[in-house]
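Each of the next two complexes has chain A plus one other chain: chain B in the first, chain C in the second.
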Partner chain A sequence: MASIRNHAEQHNTAVYRDYKKDRKVGEGAYAVVYLGTQLSTNKVVAIKKIKIGQFKDGLDMSAIREVKTLQELRHPNVIELMEVYFHKTNLNLVLEYLESDLEMIIKDKSIVFMPGDVKHWMLMTLRGLDHCHRNWILHRDMKPNNLLLGRDGQLKIADFGLARDFGDRNRQMTAQVVTRWYRAPELLFGAREYGFGVDIWAIGCIFAELLLRNPYLPGSTDMEQLDTMFRALGTPTEADWPSMDKLPNHIQFKQYPKTPLRLLFTAAPPDTLELLESMLIYDPNRRISAREALLHPYFYNKPRPTPLENLPKHVRDTPEVAKQKRKAEAMGA
Partner chain B sequence: MATSTLTTTLFDDDVCPVCQTDRYLNPQMKLKVGPCFHKMCENCIERLFANGPAPCPTCRQTLRKATFSEQTFEDLSVEKEVRIRKQMSSKFNKRREDFKTLKDFNDYLETVEDLTFKLANEIDVETTKAAIDKFAAENRDLIRINADRLLNESRMATQRQEMLRKERQQQREAYQMELAAEQAAKNEDRRMLIQELATSDKSAKSILAARQAISLKKTSMRKTEVKPATTSSSLNGTSLLSDTYWRMQRDEEVDRHHEEDEEMVADSFDPVQSQYMDVDLGVGYVNSVNNNKAHAGGLQYPLLSSSSGIKDLYVEPVGVGSLSKVAKAGGYRLGFGYERAIEDAHTALFVPTLQS
Partner chain C sequence: MSTAAENINGKSTDASQENTTTVTSAAVTNGTDSKKEVPLKQLFEQSTQYNHWRYTQSALNQLRGKVNQEAIATIRQNIEEENQQRVAQGLPRDDSTTSLKFLTVDEELSLLGFYERRMAQIFRYWKLPSYVMATAIVYMKRFFLENTAMDYHPKDVMLTCMFLARKTENYLMTIEDFSNVIKKPAESILDLEFLVCKNLRFHFTVHHPYRPCIGFFYDMQAVTDNMKRLQKMHETAIKFIDTSLHTDLCFLYQPSQIALAAIRLACKEESYEFERYANYKFRATESAAQMYDEILLPILLAIEQVLTDDPRCKEVEKSVATEIDKRLKMCKDPAKNPESLIYIKRKRTEPNGDDDDDDDDDEDRPSKRTRLGEDGFAE
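Now for the complex of A and B:
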């Protein structure tokens, strides 16, 4: 046993020596993200330092989840966990570095989206998600902010802090997941047992957001979220969603009529609307799966997905870089 | 907060003041404006005026359903002025030829403007209305004649437009027929060539050379034929025809390029694209870690899945009993548990034994 430990320590030190943290690029609830370099290859990487000291019970749950799930996933459209190492009392995750995300692109109104662009982004997102689902992992925090875009245009699903493996019925799950605007109706009703549908709903909202260039269902509280959803898509009936009233937090809502999506998404062709509609079906059992979505005619029909190298890119500096530049300018002046 | 400001700035103007419905979530909503220039949505109009005339919720003026009409302009004062002008123009429709001098005509226009301004800004409404009525009574015949004239003119204009449209269509069709004929001639040529090659005993080279000379001559002939045809067509026809010609040709070219490109892409296009790198066991994080451990003389049979440690006991993967309605409504299927269990059982089988 001692030899294993020795070896592990040696390995850890070797890995640690291979990376250099360059500068801080962001800070989350449980981690600080640095931009770094892998010295042996000179590759730019992101290093996520998990703040360990703040948690009495050892590592934060989301850190464990992230390491656990990313270890098992390897796909062009899922962020790559390159290494994990300890330094002092901190756990460090070495991840691929990608400079922008879909949210930046959506908000950058100087960029015009072509239907082919949206199609390729959706294609990459669904490929990555299908891979997660095939490996029994629910992401549970799909939103434009977590879909990172590389310099080459490749989209990668990131932030597996809320992800977990699933399928084992003996372990219940929490309903308090997914950013509110992208949260599926069953989660808002407090379901403790759910499935792939929660990720698909979120992707449906992202799809709509890509078409509208605005959040599709922006609710500011959980109640308002349901209200907004029902006003947009109609209040579900027992026929739409069997046994929905059995869910823990189910509330009877005012009966809103269903407005056809065509009225809001005026420029979208029928295949697009059909895919969007099948992602936003209330009954999670009837909602389309990632694999089915990939095989939907939308992806075969024209226009073809825009080639990777022609996809719009966000070129503006990150806030940190901008700040540094401002500082440098001030110093110069 | 961010969300509410976002939605309000975007859709602020499109809220029914009576029932507060907004256009964002009900894109069908139509705002209409009554004679008192207060907005409300169609649903509210239906509701409020279902039993005949009722007071406007904003200004209490008695209104009827029929007096509401759709709003054309964002700004209600503009809408009001436009409506007043429309009413005025049905009465004050005199023309330049109805006056002896330009000055008279200008004076007339001036008075019309004055009256319109007074009505739009609600100054001396009673006297203004009386003046308008007086004018209408005095000039009743002339108003009718001018209205008829206007009607005739607009009819003429539509007719002229219709004719122009038909002419363009004809030109387009003629061009398409021409193209078809050309294509047919080409095909015929090719057929003849093949036949000649098959039957005659001359060398293939000489036949081809002769053919080429003939076809060149033909195309140049066709070109000269086309030219007089275009020039002989109506006045602005040449520019129109050449314009459509150019556009169609370009479209065709673009289409052809597109189809070539897209067929190439389509052949290799697979939306699923199963590049699952974890199946390739030569690379990957999990493997490298396991290798290291194995080198240290520890594990012999690395297991990939965290939950697939070898157990003697059989564990019912989904618990005993059927699935509750709650789980079903939440989107959980019994199949998930079983599928997962089967996959877990197989996962380790694909890992090759390590060689020491």
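Now for the complex of A and C:
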């Protein structure tokens, strides 16, 4: 007999039984990702298995951050968390499965990007991010690798392991967030209070990377990151960014001159550069917001964003094709 | 933060339409080809709190009654089974349990109220923002919607909820530090974490009235001529919100509604004129005034009634809690006692987990925490 007191348990078991893990597709420090199937619908899913057993403080913060934020976010450009269940000592997150990500596409040099392609990817990224920000959630790890692409061309923001809610004053947050190349200057200066700007800066770097087909600001240490940034965009002055010297780790830097973006992004039209520039403003208070960016003329002006179905796709070989290729290679063909 | 008033009219009435953000932008909409107006959904209506944890008072009462009855029936049955086992093994029946007085729903709620205030005390000692405490309390309230104190003792569940809330609200304390402060072994706190998470349906975000209350406070500054008294009123309102945590209000109304009711009450108590703000904010046009009078005001009055009349707003006497606790010790489920005969028997006959899982390779060493999920569900 169905019992109310066992609802939670019964639900967990039912969810667990509805999914099958098919094969491992990735492994990270704290999770293993599987390609799986939802048995009731035959839908292909990704199952992220988080090994709780090894964390001494129980459910770890990344898992909590990811589950906490994704449960509240439903948007076409944010990855959908379909279910969560425990099995043995593991927490399993059932997520939408997407074939590839923006990093793969950027690196696949056989693909030529049209301006409309970049525009549509930026559009989808900003829509997803605006939804996060509207819900007072910071992603804090925006990078091409975390922008997944579906077979239908949809882009979805993924990996919310560093995400958190924000917006209250005097709430200290860690500055140790965002992958270095995409890290905003205020974070590099150790800011403990920050906002939307950190995600926007990262998107600016991604935008630039889409135009260049290479990482825009690739520093190999935090110090070098600042140097790379200042060389590219000029060292900020007190007028550019008032009271930046109040930040905990602020250091005086060599004064590099500001070079106009068009010298590096030679093929980009003015509206593109204008939007890019407004994302890469040093003063986080003056940096554009996701909402404002969506209203920028760049998105109205021609060329129109490439229709979803025409966006370039990174074709990953199916296991069968890959096997045949390997066989062919082995035979010296 | 956005002002609280944004969500105040709650349930999809015309009011929410009026407050809905409308953005004119080809980019913000889903179609990229045309400029059109797309209303964005109310944020609160997308939350897990709105979609999964809203009840009417009668639904709450009914649920609690059922859960309580079911628990009692199960425990009775298990006690009988335990006795049969004892007899089968040549042991005498345990007759200490024949005249058991099980806990009623009201007694359970009193006990919970007692432990909720214990939680509040500890959080005050930690000097954490109120919402961390509030999240822990709501976790425990949600947990005990489908469980009874006879299944899991609130004093244990309380600790896990506190530890978990510190994590979900970004005030992580290591388990060592936590167990040192609480003076309870780390395992007892961690062992319930899976169970609590499952019962919370992995919904960790909880919205409280504190934030909208600040929003209203800022907003009211636009029409005040006495900042000092407004400030005083705000402090009193926060006390009403603290009290609201010990009632069912978090299941019945939206945080912004509770906040506004707390403010209205505080205004009364501090002889501060509420109407001036209400007229400015909610009654500016005829249609708005009508909506306020017909929809919002009755909600506020209902909340105020709970905040002034509900016996759960009062502290639970220690002697009362001790008496309930004493009886609770007697009516524990033998199936949950690892030393009982039926526990041992069921453990032995239990199928060996769900080992049809394909992936669980090397790292899935058996651990003592493995049993947790399966533990304690007798039926």
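Just so we're on the same page, the second predicted complex is superposed on the first by the 310 of 333 C-alpha atoms of A that agree within 3 Å, B and C clash if a C-alpha of one lies under 4 Å from a C-alpha of the other, contacts with A are read in each partner's own complex, and residues count from 1 in each chain.
Criterion: a contact is a pair of C-beta atoms (placed from the backbone, for glycine too) under 8 Å apart; a residue touches a chain by one contact, two chains touch by 3 or more.
Please read these numbers as outputs of a predicted model, since none were measured by experiment.
> State whether A:Asn145 touches chain B only (first), chain C only (second), both chains, or neither.
In the superposed model, A:Asn145 contacts neither chain B nor chain C.
> For A:Val198 in the superposed arrangement: first (chain B), second (chain C), both or neither?
First partner only, chain B.
> Pick one for A:Arg231: touches chain B only (first), chain C only (second), both, or neither.
In the superposition, A:Arg231 contacts chain B only.
> First (chain B), second (chain C), both or neither: which does A:Glu186 touch?
first
> May I ask you to decide whether A:Asn214 touches chain B, chain C, both, or neither, giving the answer as first, second, both or neither?
In the superposed model, A:Asn214 contacts chain B only, not chain C.
> Give one of first, second, both or neither to describe whether A:Gln38 is in contact with chain B, with chain C, with both, or with none.
It touches nothing on chain B or chain C.
> Touch test for A:Ser100: chain B only (first), chain C only (second), both, or neither?
neither
> In the overlaid three-chain picture, which partner chain does A:Pro284 touch, first (chain B) or second (chain C), both, or neither?
First partner only.
> On the A-aligned overlay, A:Gln154 touches which partner chain: chain B = first, chain C = second, or both, or neither?
It touches nothing on chain B or chain C.
> Per the definitions at the top, what is the overlap between the chain A residues touching chain B and those touching chain C?
Looking at chain A, the two contact sets intersect at 3-4, 6-8, 11, 68, 71-72, 74, 76, 123, 126-127, 130, 134-136, 165, 167-168, 291, 294-295, 299-300, 304.
> So in the complex, which bits of chain A are touching chain C?
1, 3-9, 11-12, 16-17, 20-21, 24, 32, 34, 49, 51, 53-54, 56-59, 61, 64, 67-69, 71-72, 74, 76, 84, 86-90, 120, 123, 126-127, 130, 134-136, 164-165, 167-168, 171, 173, 291, 294-296, 299-300, 304-305
> For chain B, which residues count as touching chain A in their complex?
Interface residues on the chain B side: 1, 3-4, 6-7, 10, 25-28, 262, 265-266, 269, 271-273, 275-278, 283-286, 292-293, 295-298, 304-307, 317-319, 324-333, 336-337, 339-341, 343.
> Of all residues in chain C, which touch chain A in the complex?
1, 23, 25-28, 30, 32-33, 40, 43, 46-48, 63, 66-67, 70-71, 74, 129, 146-148, 151, 163-164, 167-168, 170, 172, 174-175, 189-190, 193-195, 197-199, 201-205, 211, 353-354, 357-360, 363-365, 367, 369-370, 373, 377, 379
> Which of the residues in chain A end up touching chain B in this complex?
So the residues of chain A touching chain B come out as 3-4, 6-8, 11, 68, 71-76, 81-83, 123, 126-127, 130-131, 134-136, 165-170, 181, 184, 186, 189, 191-198, 214-215, 218-220, 228, 231-232, 241-244, 246-248, 259, 263-264, 283-285, 287, 291, 294-295, 299-300, 302, 304.
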